[in-house]
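Next, two complexes with chain A in common: one pairs it with chain B, the other with chain C.
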Partner chain A sequence: MTNSEVESVSGFVGNFNVTIRKKARYVDPDECTACAECANICPVAVPDEYQQGFSSRKAIYMPFPQAVPSAYILDMENCLGNNPIACGKCADVCEKKCINYDDQDELINIEAGVIIVATGMDVYDPTEYDEYGYTRFDNVITSMEFERLICAGGPTEGHFIRPSDRKIPKSIGFIQCVGSRSRNGRGNPYCSNICCMNTVKDTLLLCDHYPGVEARVFYMDMRAFGKGFEDLYMRSREEGVKYVRGIPGDVSENDENKNLVLTVENTTTGRREIHELEMLVLSQGVIPRQDGDQIKRLLTLSTTSDGFIMESHPKLKPVDAPTKGVYIAGCVESPKDVKDSVTQASAAAARASILLNAGKTRVEAITSHVETDKCNYCGICADVCPYNAILAPDRKAKRAPTIIQAACAGCGACAAECAQDAIIMRHFRDEQIMAQIEAILEVEPHKHLLTFACNWCSYAGGDNAGTARLQYPTTSRLIRTMCSGRVDEKFVLHAFRLGAPMVLVSGCHFADCHYINAVHWTQKRMDRLWNKLDKLKIRPDRLRLEWISAAEGQKFAKVMRELENSVRSVTMEEMEYTMKIMAEEENRILEKKLKAAAKKV
Partner chain B sequence: MAQKEYDFKCLNCGREYRALYDIKNVTERTCPQCRSNSVRRMPEKKGAAKT
Partner chain C sequence: MANVAKDSDGLRIGVFVCECGLNIAGTIDCNAVSEYARTLDDVAAVIQNKYTCADPGQNEIKKAITEHNLNRVVVASCTPKIHEPTFRECVADAGLNPYLFEMVNIREQCSWVHQSEKEKATEKAKDLVRSGVARARFLEPQTELEVPITKTALVIGGGVSGIQAALDLADGGHQVYLVEKEPTIGGIMAALDKTYPTMDCSI
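And then the complex of A and B:
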């Protein structure tokens, strides 16, 4: 279904209901024979997006020659007007009478068992690198523009000419990593993966089209990993392409001949060099889709710090999204070339077909459920759920929230946020965790460092420290929860009530959170707890928070050692005072709950 | 993103600083001095926040 957008998605794995807006194209694709009579007579000319603005198209046009369906489309934003009809020439000339100015968008509902997200990426706009002169100098172009100019189906029919005088350039430079691997506030810090090999391919195309052309590539590192890529790179060098290790600091234009003068420090020779070139290509990086927020919101997808969609697990589930039944493929996940995209798409299709063919899915045993008699219909559980797995309660109808078991991933954020204790987390019930706290603090509580560690990162970080034989205090005691979002305020307060000198809550880094954004609730809860401790005249620094990944065994050991020192700074008087205050606080909370329950009855 | 300037205090090293933060769109906090994540957002004083 082309020229369409997803409007809404509801449901869960196996039962998605998707509403798609099929946009009006004003031309009946079944009748259109792509004869081009309409475009020939259309008086409106606008820059052709597909040709990167190097040529123009009409208001009624075919987006590109291989477009599916092979039919024309009317760009109503640029059409002279259809209400009333101001021009109408295309409709007059169309023999098949397939142009309909009254065409409307259509909403289509489909049911889907699984969803594959392959929305691709955008390219980086290098305008902010002002020193390279893109948009200031005619003969500075991007690698995407190069593609159109060298393509036989492009605006110049494959004749690579420079824009200023339409002559074939004799010397061409390529600047690598424009907008990639940048940590100076411009561009992106990540490597865009595809640009090095794209430039190698471009230089070979140039050498093939124009033997004797002088091509120079300015780079910081050429990354030619992958099957056959090193050979391709060596072939480019053998063809006479010069590779200069250094990124130009400045580009200026020769006013007379419009040539470009580059100043660069060649880091191989350690010398400053000046290169005069007839044309310059900026090898721009790739960026996440700029209009991808809608799909992320609809499918509760989260992104890594670079803005690309986060996979469920980088090694074991690289094409699964954290939301069950949703798979990802291609550059929506990270920058990648065609081969990797096809590989990932095949994997996503295979993963999807496993689920579809099975006709049923296994649900995690660790899910939450609601004790309806305790619920006060506040709806906080539905708000915190990162998976939209909780159908909000209805206060007027006194209907408690419903948890979709197939969609629940078991983070436990809902159970931790529920002030009424109306949500039970299977296998990580309040009673089970409280019992662990009590067991740890039963004997000599003042000596123990109580730590809540999330299953996926911090607990694994502790394991990592152990297997690496890193030393950390033997007084540390870990309580595992599936997510730090499960750590309820009352667990922390109960630990202090039983004499814990320090409490550490640890979880995944925000970008690694196994449960989309459940750690956000951990951070918010910690802010509330610190304020509460302050109010109760208990030092907030006795409650700590650390984000420790599975690979950060060293950080885990370091944090434990630091906290061991902090434990010693807590005096017995301080602990006794805390226990007394916390006992009062727990009684106060209990009384409040009993009152609320009595009122409800 | 509606970012405001807030006061923060590191509970590990005690460093106090002001930084832009969006309380609706929570992001990871790290102390610029000791790299600890135990960074407390101090309660807002009336009229202290700047957009």
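And then the complex of A and C:
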């Protein structure tokens, strides 16, 4: 389905309900024979996006000759309209009568068991910062524009000419890392992965088309790390392409001949060099899809700090999205070349096939459920759920929230946020965790650090410290929850009531959260708790929050060593005062709950 | 060396202390931990093994479940990241719901990180076992829900990745919807001339 977009997604693994908007094409693709009569007669010419604006297309057009489907499409924004007085010429000449000005968008509902997200990437636009005079100088082009100029199917039929005088340039420069590896706020800090090899390819194409052409590449590091890449890079050097280690600080235009004059510090020789070149190609980087928010929202996908979609696990589940039954492939995940895109796509298809072939799947047993009689219909649970797995309650209809069991991943953030204790987190119920807290603090509570650690990161970080035999004091007594988002306020308050000198809550770094963004709720809850402790005149720093990843055994051990001193710094008087205050606070909360329950009855 | 202890509210908890060769026993006094476990309420059997995860150790668990009519199992050994699935399967083999099993980590987060503090590490191990047993009292059987899978795939995006994924799935005999925003499939690759490293045409 081309010219179509996903409009809504509901359901869960194996049972997604998807609505697709098939946008009006105004040409019946099944009937269209691509005879081109319509385009020949169309009086409207607009820049051709496919040819990077180097040539024009008509308002009724085919994106490129090999387009699939092989059918024309009417660009209604630029069409003169369906008023026959105004135009209507294309419909007149169409023998098959397949042009319909009244065509409408169509909504199509489908059911899907699995979803693969391959929404791709965008390229960095050097216009905003006028990189290297891109907007001012005719003969500075981007690498995407290069592709069209060198292509036999391009606007110049493969004659590589420079825009200012349509002559074939004898010297061409390439500037690398445009929009990539930039830490000055212009562009992105990450490496775009493909641009080095793309430029190597471009230089070889030039040498092939125009033997003797002078090509120079200005770079920071040439990264030719893939299979066959080094050979290609060496071939380019052997062809005479000059590689200059240094990124030009300044580019100006020679008024007379429109050549570009580059000033660059050659960091190999340490000398400042001036290069005059007839044409300049900016090797533009890869950026995340700028229109990707809708898909992210619909499928509850999150992104890493660079804006690309986050995978379920960077090493072990690189093509799984955190939402079960959803997979990711291609540049939506990170910048990559054709081979890597194809590899990842096949991997995603294989992963998806596992579910499709099995025909059924087991879903997480550790999920939450609602005790409807306790619910006060506040709806916080639906707000906190990272998976949209909770259908919000309806206060007027007195309908409690519903938890879609197959969509629940079991973080427990809803159970922790529910002030009414109306949500039960299976296998990590309040009673189970409270029993652990009480058992731990039964013997010499004043000596121990009560630690909560999330299963995926901090607990694994603790294991990592163990595997590396990093030694730390024996102070800590740890309780594992699936997510730090499960750590309820009452767990912390109860621990203080029982005499804990310090409580540590540890979880994944924000970008690593195994439950999309449940860890944000940990942070918010801790903020609330610190405020509460402060009000109750209890040192807020007796409650610590640490983000420790599975790889950070060193950090885990360091935190344990630090907190040993913190535990010792808490005086007996402080602990006794805290126990007294907390007993009062717990009674106050209990009374409030009982009152609320009585009111409800 | 099983030991029958108290039995209240029908709870019969079995505690299995693993020495892990010297990995645990080299630091922690496992005998003392076992003795301590026997004093805990509802603990019906305590068994100590050199390697609880090995077949003989697992067989002891299965045997004890039957012999002592255990309805909860606590294993104090390594991290659940390694052997929780092993022991869940083991207790399931003996007819117990796998979620009635609890693991206590006295290796990665105890013996290995407190190697020069043997007494304190032993005390910590006792505390952790007490906590594990306390949790085990409240464990409930859980069932993993089984859901059917609609045998249709949706691929969003018709660039090179989307096309490849859709083709692979279709070749596998599955119905596939490929949704592309633009009027044609092909994506960015269709706008390229040649592709590296083979230098062949992109379309």
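Note that the second predicted complex is superposed on the first by the 594 of 601 C-alpha atoms of A that agree within 3 Å, B and C clash if a C-alpha of one lies under 4 Å from a C-alpha of the other, contacts with A are read in each partner's own complex, and residues count from 1 in each chain.
Basically, contacts are C-beta pairs under 8 Å (C-beta built on N, C-alpha and C of every residue); 3 or more make two chains touch, one makes a residue touch a chain.
Since the model is a prediction, treat every value here as computed from it, not as a measurement.
Undergrad: Under the stated touch criterion, name the partner, chain B or chain C, that contacts more residues in chain A.
TA: C
Undergrad: Quick check for you: in the superposed arrangement, does A:Glu562 touch first (chain B), second (chain C), both or neither?
TA: In the superposed model, A:Glu562 contacts chain B only, not chain C.
Undergrad: Touch check for A:Arg544: first (chain B), second (chain C), both, or neither?
TA: Touch status of A:Arg544: first partner only.
Undergrad: Touching A:Lys524, do we find chain B (first), chain C (second), both, or neither?
TA: A:Lys524: touches chain B, not chain C.
Undergrad: Kindly classify A:Met1 by the partners it touches after superposition: chain B alone (first), chain C alone (second), both, or neither?
TA: Second partner only, chain C.
Undergrad: Tell me the contact category for A:Cys42 with respect to chain B and chain C: first, second, both or neither.
TA: neither
Undergrad: First (chain B), second (chain C), both or neither: which does A:His509 touch?
TA: first
Undergrad: Looking at A:Ile150, would you say it contacts chain B, chain C, both, or neither? Reply first, second, both or neither.
TA: It touches chain C, and chain B stays clear.
Undergrad: Should A:Ala118 be classified as contacting the first partner (chain B), the second (chain C), both, or neither?
TA: So A:Ala118 only meets chain C here.
Undergrad: Using the touch definition from the top, list the residues of chain A that touch chain C in their complex.
TA: 1-6, 12-16, 18, 20, 25, 50, 52, 62-64, 66-69, 73, 110-121, 123, 144, 147-148, 150-154, 197-198, 200-201, 204-205, 226-229, 231-232, 295, 325, 327, 329-332, 337-338, 341-342, 344-346, 348-350, 352-353, 355-366, 405-406, 426-427, 429, 431-433, 435-436, 438-440, 442-443, 448, 459-460, 462-463, 465-467, 469-474, 477-480, 557
Undergrad: Hey, which residues of chain B end up touching chain A in the complex?
TA: Contact set of chain B toward chain A: 11-12, 26-29, 36-38, 40-41, 43.
Undergrad: In the complex of these two chains, what residues of chain C are touching chain A?
TA: Per the touch definition, chain C meets chain A at residues 79-81, 99, 105, 107-109, 112-117, 120-121, 123-124, 127-128, 130-135, 137-140, 142-166, 168-169, 172, 174, 177-199, 202-203.
Undergrad: Note which residues of chain A are touching chain B in the complex, please.
TA: These residues of chain A touch chain B: 509-511, 520, 523-524, 527, 530-531, 534, 540-541, 543-547, 562.
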